[in-house]
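The two complexes that follow have chain A in common; it is paired with chain B in the first and with chain C in the second.
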Partner chain A sequence: MEKQSFKQWFCSRKVQRRLVIFTFLFIPLVLLLMFTYIPFGKMIQFSFYDMKYLGARTFVGMKNYAEVFERKEIFGSLFNSLYYMGGGVVQLALALFFATMMVFKVKGESVFKASLFFPYLICGIAVGFIFKFFYARGAVLDTILQMFGMNADNIPLWLQDQSINNVSLAATSVWRYTGQNVILFLGAMMSVDTDLYEAASLDGANRWQQFRYIILPSIKSIIVLNIILCVSGCLSAFEPPYVITNGTMGTGTYFVIMNRIAHENQKVGLASAMAIVLLILIILCTIGQKLFFKYVFDDGSSDESKAAVRKRKKAEKARKAMQAKGGAVS
Partner chain B sequence: MREKKRVSSYVFSVIKYVSLILASVVSLVPVCVCILTAFKTNEEYASTSVLDMPATFAYFENFKIAFEKANMMRGFANTAIVLVVVLTVSVFTGSMLAYVINRFRFPGRGMIENLFLFASLLPGIAMQVTIYQIMYSLGLINHLYGYMIVLMGTDIISIYIFLQFFENLPVSLDESAIMDGCTYFGVFFKILFPLLKPAIMTSLVLKGVSVYNEYYSSNLYLQLPELKTISTALYTFTGPYGNQYNYICSGVIITIIPILVFFLVFQKQVYSGMANGAVKG
Partner chain C sequence: MKKRVLSLALVLSMSVSMAACGNKGGGEVVEVDVPSIDKLNGDDYKDLKADIKILTNRTDIVDTVYKGYADQFNELYPNIKVTYEGITDYEESLTLRLPNGDWGDICFIPSTVEKSEMGEYFTPLGDYDTLDARYNFVTEKTYDDTVYGIPNGGTAGGVAYNKKVWKDAGVTELPTTPDEFLADLKLIRDNTDAVPLYTNFSAGWTMGAWNDYVGIASNADADYKNNKLLHQKDPFTKNEEMSGPYAVFYTLYSAVKDKLVEEDPASSDWESSKGMINKGEIATMVLGSWCVQQFKEAGDNPDDIGYFPFPITVGSERAAASGGNYAYAVNNKASEDNQIAAMLYVKWMLEESPIFDDEGSIPALKGEPLPESLAEFEGVELLSDNPPLKGEESLYDDIRNSAEVLSGDYPVCEVLEAALYGTKELDDLMDEWNQKWTEAQETNGAEITE
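For the complex of A and B:
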């Protein structure tokens, strides 16, 4: 009898509901706390201490933060991010270009797509070795340049020469991620009804007009998203210098320096303060950009801003005019 | 008019193909040179230009040395274990979380969703400073399971994918199943989970690639030689082989082969996985 009622109780919707919510949420929430919010809280706490992973800690107030801004090799390393931002702009532009090329019919599309995309799948360490070899003195890049008649004496040391090594590193990141961006853009472009392209080209729209008035509006939101991701990604650039030069010879980005301070010098407090400063910077940048794009496009959720509506109307007018002209010619 | 159009479309085709061919060459050259170098003997490597063909493509000595010296067999085994466990667990935890957040209204739901959203803003490397301290105090360093827990814990992407997918699954499915006497657990496992297949594929592709290629946490949390994963096994070439790129390149090729095969077989799923995974925002 009692068992029965327990079973009934257990099976009642209300209890079952609570049970399902609790069991399904438990593991993800524990993991989220353990690997995001507890570390986050500790990071804030540690940033006020002078401490190592083990041993005594002393409270130092804002000293760590002051050090972040005062030590040139720390705050100055943020300027290295500018190289990666430059790379990011090149990467987005190239990806947009190649994706557009592939939207129009291309023979052997799958081969081009695969070869552009493949670098994305290679492990960071392997990419590091590939490019150490690629840039080494007298190795791949030097040989190719000499093949095209460049004098060996004029070729810089790609990874040592401080005037160029950050550009070399940012280029590896462009090499690795352009193909992935192509796939993203292509996916968004393909979701447009392909009849539109045909209709437009029958109406006499040239490639540029097709790009400007059909393709671009369809992928505006994904471009905006990628610009936002690009800026925060560049501020936190880590992999290329970490695996290729280990941050030596002026290639240390902010996180490479932070990583060294945390794990080699064991200055956990200072590293935590660095992390907090960059987090605040990234969040400010993200919010700033979101507001900016919202202002430009009126409404972040809609793909069409007032400016776009105006332009589309203009395009329609132009198309009508062209049709009229075409009619007159025939 | 028509003539002019033909010329311009011809010019466009030329630009299109030249640029695509050029880009493909740039993408592939760094890897292809590695392949050439991997088949060269020491003398050949020292005497020939890097762009020269090797004498034979049947010289596997470098691969053998790389495979043994870096203990890559062990690396592959460890990576395989980690892949299976982490992927299985994160598919279940991700889809269950998405199910609860999408289908139930309960106090704290909005907050939980926002906690996950905000977590995706925090760059992973920054958190590692203190995650290391937590891992250390829990005694999880130098255990394969500790490393797996780290990889499961820092997994926001697949949660996003599942959340998005649930938006498009009609609630009427759940309702009719419940009318038929199905429990909530039954609804999830019997009705909804099989329908999640596309989302599961997407999250397997994205998470699988990132786990296979992961080296930062592996380097930090698995320092014993027998615990090395495939990427950190490759990293052991940094010291002893300094400039012996014929060995290093064969190590690189060995790590690339599995993912290349995977990519060639599942090309379609990889592309759609990439495209779907990007829509988070």
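For the complex of A and C:
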């Protein structure tokens, strides 16, 4: 075989193709490594040290991790996430409701869509400041309630009363994220063939039945995705408590406490360990949810539910058995 | 063939990542041969050409007042151009920007830089004994007898109040003990419509300000914070005459418990509180004396705003902490000309600029008169904390950070929460703090002597 020159080799289709792939991938991969994986690796390393941002470090092994679980105010702060999860359920239900309303013909649909989506466009810090004044004593919310005849003495202190302040804060994230969920749901619903609605209404199905048997099964996978995003978002809730109450009055979520430990007390090692514990928790939650949907309902990605598959298989088996029997007889 | 491409890729990506990570120091330290800042003679450097940049936290006046100072300086030294850069979130951004030496020429030393680390970032300005004789508060930024930063004047720790409201409530004499103070606040609650003590809880740092009274105001002892507190057993224990750290937090706790503070601390607002104290809707706020000027400017009644020392008497002595503001420091990685120009500017700011009159603070030069706002401090000794012993320079920070007590704003917020919800008695909370303090003393190897 004739020996190829370097130039020939270099210009060959195979090499050129690899070169193009490589050069296009190179920059994103370098960025990914530099800004995601290397810092992440550093964080894992930091979590084993007793260190500040500046100055000397000492290796302490698992001590930071032990502290995360031992200190009541650190691990206990995860319970505050339950309020945000409750908010998450409300948020998903509301979003499904609005999206379904809009999938059927509604007057002024784009106005509704825009006004629902608008809060999502405001940055979280600004949302925090809006609600700080919204909830302040004698401010917007109190005034509105008084307009409807509520007695000023019966209105709680929204940010101070510990029976309600976490709910107040979770409500701000419901307000902010509902619109985003609506848009996601609506996108999925739009892809449902409209002939199906027509056929269904000819068969006499009402709106609820159309939702239950046409829409819900077709957007199952997007609902599962939203639930997963919502749960991990709840575990890492930060902006509302940080901006509105700074985590005081019992509203400190895990992230707020982590921020306080890292910045006010300069315990970078402990904060890194907290971050890693949270990461593991989020991974566990996601796997748990996946398994839950897979075995209790189905994984949300197939068109047919697990129960239906089982039923069909059973029927097939029965038919085969019948056939075999029939064959033997004849 | 495949391998060649692959190895090329590896080499390339590794060299990029090494370039990204390898550059730790961020520039070399430039040694400058100049006299210490007190002997620096401006006339020797009239021809010096430099562009210098100053970082500041005062974003509100960076383009107005501060620019005015730069212009005045520019008239004296036409070849030195001074620009200011205002930074919101000053402490955190500076902590991140300092290690990479290319941040500018002059900055205010952020509190996250420990004394032992100052030499890595800043030019030595002179030795301690000579500068201490000339300027106030240099102790704060001295390490190993070398001064790295000189505070931009100083403030005294006390309590801001609206004189008119206090008078209307029937208070004739200013309080000297926590219990007298609380009794006065009760008078204000009963006799006027004003909020007796506004905590500004939701701003956070306003609560952290209570920590400043722990050192001198509560003990009348300049050695207390840096030398005694570190080695004291259970410093947060109650004592008979109601002095010491316990007394500071007792004042806050009792005021909250007796409902002498605003109704909804969680929705308090710092910006509007300035106008409210000016108008007489707020009677008292516990903050450093720097706030007086801002309260005066916030409304039509500047003459109603007064300032008195924190009401604790130790034996028969009373003292107030006076401490430096943020300290000017010069970047030791800037070029030689820039460093000299920067030192000239710092010297001019400290000795000739009108900044201390403008801000109502204690001047940087020793022997200059106190500002008018501190008139009530007669008979009260103004002290600043003595430096820690050699080898213990960072011990105070280490202990309070690992104890998570006296550090940041949250521990004081905890005192208010405990009183507000009645979840914890003050004594129990202080016992917890004692315990945390003892543990931190042990982990940081501080001997307990008392």
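Criterion: the second predicted complex is superposed on the first by the 285 of 330 C-alpha atoms of A that agree within 3 Å, B and C clash if a C-alpha of one lies under 4 Å from a C-alpha of the other, contacts with A are read in each partner's own complex, and residues count from 1 in each chain.
As a convention for this text, a contact is a pair of C-beta atoms (placed from the backbone, for glycine too) under 8 Å apart; a residue touches a chain by one contact, two chains touch by 3 or more.
Not measured: the values here are computed from a predicted model.
J.: Looking at A:Leu29, would you say it contacts chain B, chain C, both, or neither? Reply first, second, both or neither.
T.: After superposing on A, A:Leu29 lies in contact with both chain B and chain C.
J.: Touch check for A:Ile38: first (chain B), second (chain C), both, or neither?
T.: Touch status of A:Ile38: both partners.
J.: For A:Gln91 in the superposed arrangement: first (chain B), second (chain C), both or neither?
T.: In the superposed model, A:Gln91 contacts neither chain B nor chain C.
J.: Considering only touches as defined above, state whether A:Lys267 meets chain B (first), chain C (second), both or neither.
T.: second
J.: On the A-aligned overlay, A:Gln162 touches which partner chain: chain B = first, chain C = second, or both, or neither?
T.: second
J.: Applying the document's definition of touch, where does A:Val111 land relative to chain B and chain C: first, second, both, or neither?
T.: It touches chain B, and chain C stays clear.
J.: Once the two complexes are aligned on chain A, which partner has more residues of chain A within touching range, chain B or chain C?
T.: The partner that reaches more residues of chain A in the superposed model: B.
J.: Report for A:Gly55: first if it touches chain B alone, second if chain C alone, otherwise both or neither.
T.: second
J.: Is A:Leu279 touching the first partner chain B, the second partner chain C, both, or neither of them?
T.: A:Leu279 contacts chain B only, not chain C.
J.: Which holds for A:Ala139: it touches chain B only (first), chain C only (second), both, or neither?
T.: The answer is both, since A:Ala139 touches chain B and chain C.
J.: Check chain A for residues that touch chain B in one structure and chain C in the other, and list them.
T.: In chain A, residues 19, 29, 34, 38, 53, 133, 136, 139, 263 are touched by chain B and also by chain C.
J.: Any idea which chain B residues touch chain A in the complex?
T.: On the chain B side, the touching residues are 1, 8, 12, 16-17, 19-21, 23-24, 26-31, 33-34, 37, 49-51, 93-94, 96-97, 99-100, 104, 106, 112, 115-116, 119, 121-123, 125-134, 136, 149-150, 152-155, 159, 183-185, 188, 209, 212-213, 215-216, 220, 230-232, 234-235, 237, 243, 245, 248-249, 251-252, 255-256, 259-260, 263-264, 267, 270-272, 274-276, 278-279, 281.
J.: Which chain A residues qualify as touching chain B in the complex?
T.: Where chain A meets chain B, its residues are 11, 16-17, 19-21, 24-25, 27-29, 31-32, 34-40, 42-43, 46, 53, 94, 97-98, 101-102, 104, 106, 110-119, 121-126, 129-131, 133-134, 136, 139-140, 143-144, 147, 175, 178-180, 183-184, 186-188, 206-207, 221-222, 225, 232, 236, 238, 242-243, 255, 258-259, 262-263, 268, 271-272, 275, 278-279, 282-283, 286, 329.
J.: Write out the stretch or stretches of chain C touching chain A in their complex.
T.: For chain C paired with chain A, touching residues are 1-2, 5, 9, 12-13, 16-17, 20-21, 92, 95, 98-99, 112-114, 116-117, 201-202, 204, 263-267, 269, 401-402, 404, 407-410, 413, 417, 420-421.
J.: Using the touch rule from the top, collect the residues of chain A that touch chain C in their complex.
T.: 9, 15, 18-19, 22, 26, 29-30, 33-34, 38, 52-55, 132-133, 135-137, 139, 157-160, 162, 165, 245-250, 260-261, 263-267
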